[in-house]
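Going by the order they are written in, the chains are A, B, C, D, E, F, G and H; count residues from 1 in each one.
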């Protein structure tokens, strides 16, 4: 493995074991010249406390719902100068709720930007409230007895926007995420990656387990790594789990997290069914 | 520097949250003899606190927050988490 | 295109944006601003304007997009109105606090419900706290001139600039305009300046931090905006040298020897001037102080000009529970009577002004201090069905 | 001297365009002018009011015209549904697209039909009416023609200019 | 829960909302308002509050959703702060123009950039033109009381009501609160009333139409808001009978015999009171006029109370290019000096006030008319790095 | 055919041949007790000029981006009263641009409302500007030489929201639209219908051709009628055109509209390819 | 009625845009002998200007805008569009 | 009399909770009290300041405490990284979770560990510290215990109450 500096500097205000930090580090390893647009969210804090900044690249903080639009403007400006930098929107799943029209608008315009949703399945910066992507039955401060709705499948919805590149990734599989970024950076137009980002305080697990939990999600099939670049394919880490028999540890995955405390077997069965559905759905696409 | 720049422009530098090494409860300690310098811990350290000096893998304790991810991802089990004094 | 022609306000603004060599336009349609957007889209499509046009999906995104292009160093423009302005309100504050120069035209329109597309200045005035430079045009010529002045002033003080223009009365009305040749505009508008440019250097804009930084930045903005008074003076003098037209902070009309002074802004000021001419014929010593800028609010100049006169402030807007917005502001520095009229686009013409001014000068408009007078009284008196 | 003109037409007949053409023509004559469309949502077929002001001095007012010096009526039917008197000054006059019924008359529909100026079944009378109005308002024929050519292009401009020219000549006092 | 306890402002508000038997809550999290939302979600989830909780995806939708439930006849509540408030700004105007009663709590917070979560009253004051009734709490007890008063007043005059409370200083600070028993709240809050209820009868709300209707409606709102002065007087007297606590438009503190009068609002008024007590010990005749309501702005009362005094207005907010917002408003009816302080959450405590008031009373704060004084001067004097 | 009164009253301000009027009439024929929420758009005008209203039902005008959220609040209020009326959001495609986060949010919450996007493929009320759903190459005032991006596939995107009911419909096939509404009204939760609404002034065709043009779109396969109620199926009117050979008149469809003036054969070929893709995509779903 | 209701609440009634029959250029005329009362024209009339009185199909000319859709959808070609006087 | 107390702790140690418990206890004693958390983003492990005010009269001020009557330090390490003097009034005193180094000392960590009050490797010292502080601040032991039981529930409440009781008794003057 080539050891190089990333853009994320040590001593920043992220929590111990923060998934956004993992993702931002990988981002810096994959892209040479990123310009990063960050709407409100934990990453706002991770990005540093004035007068010091965490990220060694141009970074612009922007209002919560605005990031892909601001990025569109920057893309226009860069185009007029022939500037070739990668314009990256780094946002949370909450940003994708309030800003969904903005993401969708930029996608429909096929703006030349990369939008990454670092998805920790809740509004963490404001203290763990339910978002669209919050897992069914997960306890948050606005769903104290567990969320009653299914999670929103952001990546699939973006796929239907018919943009040139859509992928899922996970902080448990950084080389895969880096690969995807490297592929994405060679494509022009709107690129979207949903990065699965288990959060220790938000999901209630020990800070040492961020990577482990992320991997459990993939192994039990609850988080599926795939990529669309004209054609949909499952990523190597997820490929084995097309075979349902190979998926393992759903119960362990759920029980390892405080947010699922009290979940019962019939709930787990329901979740399993939904997971099967999701695989079937993606397979239908794979063959399309 | 104008007031606008002074108040709006932050410059990249380590320790924007101070010496975050102070946050640790547990301290990661590398067993040099076990480590094979695969650098997985470097890749997965969310702080970027791990580096390679020559063939040696080093942890920057000034900023390492003690999350324990390095220890948990090390296939060689070469990192032990030790309670801070 | 140059020389004298007739144009609507919307067309004139688009023309000014073109002449300013704007590089990025992002805007979202809303009646009655739409034609500006359409004209610019057409100019970009046909190559008449060498710029990028971003067809955003909302006003919040319109201002966000030009924020992006402006912070990255490009001359940028947007336009909106009423609900569009309210929808981008978060971004309005953001760009001002970020001290990014750009220009936006606001076609003033009533806020709903009920849905109403006619003029009313309340929308524009919701921007008055935010740090934007705010101008208001009286006619199509001024809409054109202020837009060009806007780029110059905005870039000189690193603050966003807006020019208001009345819905339909200016936006859709064709009037005589003297256009400018490109070379003069080029001379008048130097290379773009701004306090910082985003995109090249590794720095972060807008991190949280100790409160003192916020406070310092706010005071700096306050002072920059106050300082804009001088900049407007200077720039409008320069512009006058080129064009013979003055676009300064204020316009005095037969004010010198007036005992009664009317304060107002926007398209209906022209009707008021006609009314004043009529009343002057009857030797009523009345004059007008037209506000061409509301921010910065040139209190000292206003106070000096109105000193010793009986002042009537005319608002086409309202701060509910307080009074007319200009009324509240002007009363800060002089005693004044306040009329709210033309709300929701109600047509107020020369005859109305003659009546109003007469009643005022006869001392019959005496309303409670800090109260206001709603004009025309007839429509408020009884039910309408 | 300020003259205030109201144009009454059905949406789609081009009342606003006529006002703009006349305003432009007046400017070409060295005058000041202002053309104001009806404010609001105008649907094809609905009754539309447009305003035109002409003056030797800059025009400052922007309000609508309540009492006009001239009312121009683009369709005879309008005479039956609008109280024209009410919007006309005592000394004012009307000009109508009809054989009779106004102070001035012109069969603009016929001119349009003859020139095949038709859209969705309707004769497009605006340029003919503009020509007729120009005459009664003292705007030079050449200016209207030029204003029309600046407004439209190619063949369309030619035909419309012709319509205006014919109407300019043919308009007559009725009563 | 009733009797004396300690609670944060956020908790107390949630408690008040529960006691008011609110039926629909929709809100979107934003620091430092979040806890209100969480508490209410919890209460609904646990059945402690028999209501619907809508987990909306933005603030625009939060206010839209409670607009829907309120217009359909249900007592409804939301809360927000800063950027959330700006993001729902279009809806803010809409609900006021639609004359729908509902209650919103605004935890006042600085607007970015830079990102800053600390208190500053500018966000709340952007609502001042729109037709909302606007109150501001000094302490947790008032946050609780005003929320309950809010439902009563809002429904009585058919206007939306907001109560502001300072970020952290109230929202997160635990203080002594005397709660109310359900039966008293039930007595105090009659059945919901509103000017029209949507959903049953076949009619349409908000159609475009002749401008006169808009104008009439605006004047009616203006008057309803003015009339709210009387309603607040009445309702707060009733509330005082039940609780012994007055929540009227204004609070006078040692003002009677004061030669110097300070005007301000919000949590730091408490610090100012302590400072006044100190200075009174030195026999400086200084007193406080605390604004508990900003809309309606009780000009006449203010003028009467401040008559003949030297007035200092303290703003924790700013109207760029004009002055402190309260400064501008108060100067409408009396001469005053204006200080802007505590911007961006800067801590201003008893010692600061002692200094300020002393300098003021010594006549050393003489700033240019319509200018303002920025406090504390130190932080503005030189660079900070 | 049973002749009954609908909710749309004569003499309203819609243009001649207005598709929204057709849709609203059908709505009134299908639902007994609708409550209609209308954001800004042509329908704002169609709904009448004060003091008279066009629609004989409770109608609430609301801000452009807010309709599904307002409807959510009304649904909550009705639920508390046990009121059973159908809450219908009647919006344009422009409303679905600016308000897409709002639609998506309500869908994710599975609100008990029917959202109908009457899609005339542009912002008509403001004078024919491009929207997300504007057809590729269509001329609008903001795309004077033809729109450069593909149209946004709203219904497919809503399908990915996994709501109980999603359908497309057309003003050329009102009985089909009525059927779908009748089916939708029996389902609880979030229901979405995208109604194809050719607009005479906006697309530049004669007012008598609204229905004809709508039918041409279906016959050439450019607009596909389908329905998802747990399972995706093609509607009878579109079913024949699964067989590509049966699709006819694409060129005629395009050339009948002024907005496609100047479109050339290679453009039409591209459009045909995209149409084929869309069918393939939906067929993949049909079998899923 | 309060001012609020007077200004905000509109009541359903025909002709909110006036007598829209005036907008017509062409007028639809039903050939009674050809019409079979299938009511397709009724279904597709965007104005709701067509109704059935007994067995007779009628057009409300006060409001019919003359769009011509009825004529175009009638399979029997029973509606002719006639230029208005 | 108004007394102003600053608590210094690491995020996760529960400094804010301690302040709230003491405030509640003071109210139970018939006093007035106010507990203010550090304003801003607090991360596990980072240094956190909380404020506590106690008084016989209603407390009106809401600003932070710059010079405290009492500074309470939840971890010995903090002594090395913070200039305590600077935030303490001349006549003020400190109370430290340590065997020495403050005016008052208490080994709260030991008490917590003994009671198995541990989370993520850390002893949870807030209730013990609350107990010790209560004593030095003149708050009744019963009130702290009750305040703790009002704050937590079940077994957790019991153990924490015990911690407070022990610390209340064990706190001692150091120098």
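Assume a contact is a pair of C-beta atoms (placed from the backbone, for glycine too) under 8 Å apart; a residue touches a chain by one contact, two chains touch by 3 or more.
Keep in mind that this is a model prediction, so the values were computed, not measured.
> Through how few touching steps can chain E be joined to chain H?
1
> Of all the other chains, whose mean CA position lies farthest from chain F?
Relative to chain F, the chain with the farthest C-alpha centre is H.
> How many angstrom lie between the CA centroids of chain C and chain G, rounded to a whole number?
Between these chains, centre-to-centre, one finds 46 Å.
> CA centre of chain C versus CA centre of chain E: separation in Å?
The answer is 30 Å.
> Taking each chain's centre as the mean of its CA atoms, how far is chain C from chain F in angstrom?
So the centre of chain C lies 39 Å away from the centre of chain F.
> Averaging over Cα atoms per chain, report the distance between chain D and chain E in Å.
Those two chain centres are 56 Å apart.
> Using the touch definition from the top, which residues of chain G touch two or more other chains?
3, 6-8, 10-12, 16-18, 20, 23, 65-66
> Of all the residues in chain D, which ones touch at least 2 other chains?
Residues 40-41, 43-46, 120 of chain D touch two or more partner chains.
> Mind pulling the chain A residues that touch 2 or more other chains?
Chain A, residues with two or more chain partners: 13-14, 16, 44-45, 48-51, 53-57, 61, 63, 65, 97-98, 100-102, 104-105, 108-109, 125, 132, 206-207.
> Could you list each pair of chains that touch one another?
Applying the touch rule to all chain pairs gives A-B, A-C, A-E, A-F, A-H, B-C, B-E, B-H, C-D, C-E, C-F, C-G, D-F, D-G, E-F, E-G, E-H, F-G.
> Under the touch definition given earlier, write down the residues of chain E that touch chain A in their complex.
28-31, 34-35, 37-38, 41-42, 45-46, 53, 55, 57-59, 83, 87, 112-115, 385
> How about chain F: which of its residues touch chain D in the complex?
Going through chain F, the ones touching chain D are 13-16, 45, 125, 201, 206-207.
> In the complex of these two chains, what residues of chain H are touching chain B?
These residues of chain H touch chain B: 10-11, 43-47, 77, 81, 120-122.
> Which chain F residues qualify as touching chain G in the complex?
Touch residues, chain F against chain G: 1, 3, 6, 8-14, 16-19, 21-22, 25, 48-57, 174-175, 200, 206-212.
> Mind pulling up the chain F residues that touch chain C in the complex?
Answer in residue numbers: 40, 44, 50-51, 61, 63-65, 97-98, 100, 123, 125-127, 129-130, 132, 141-145.
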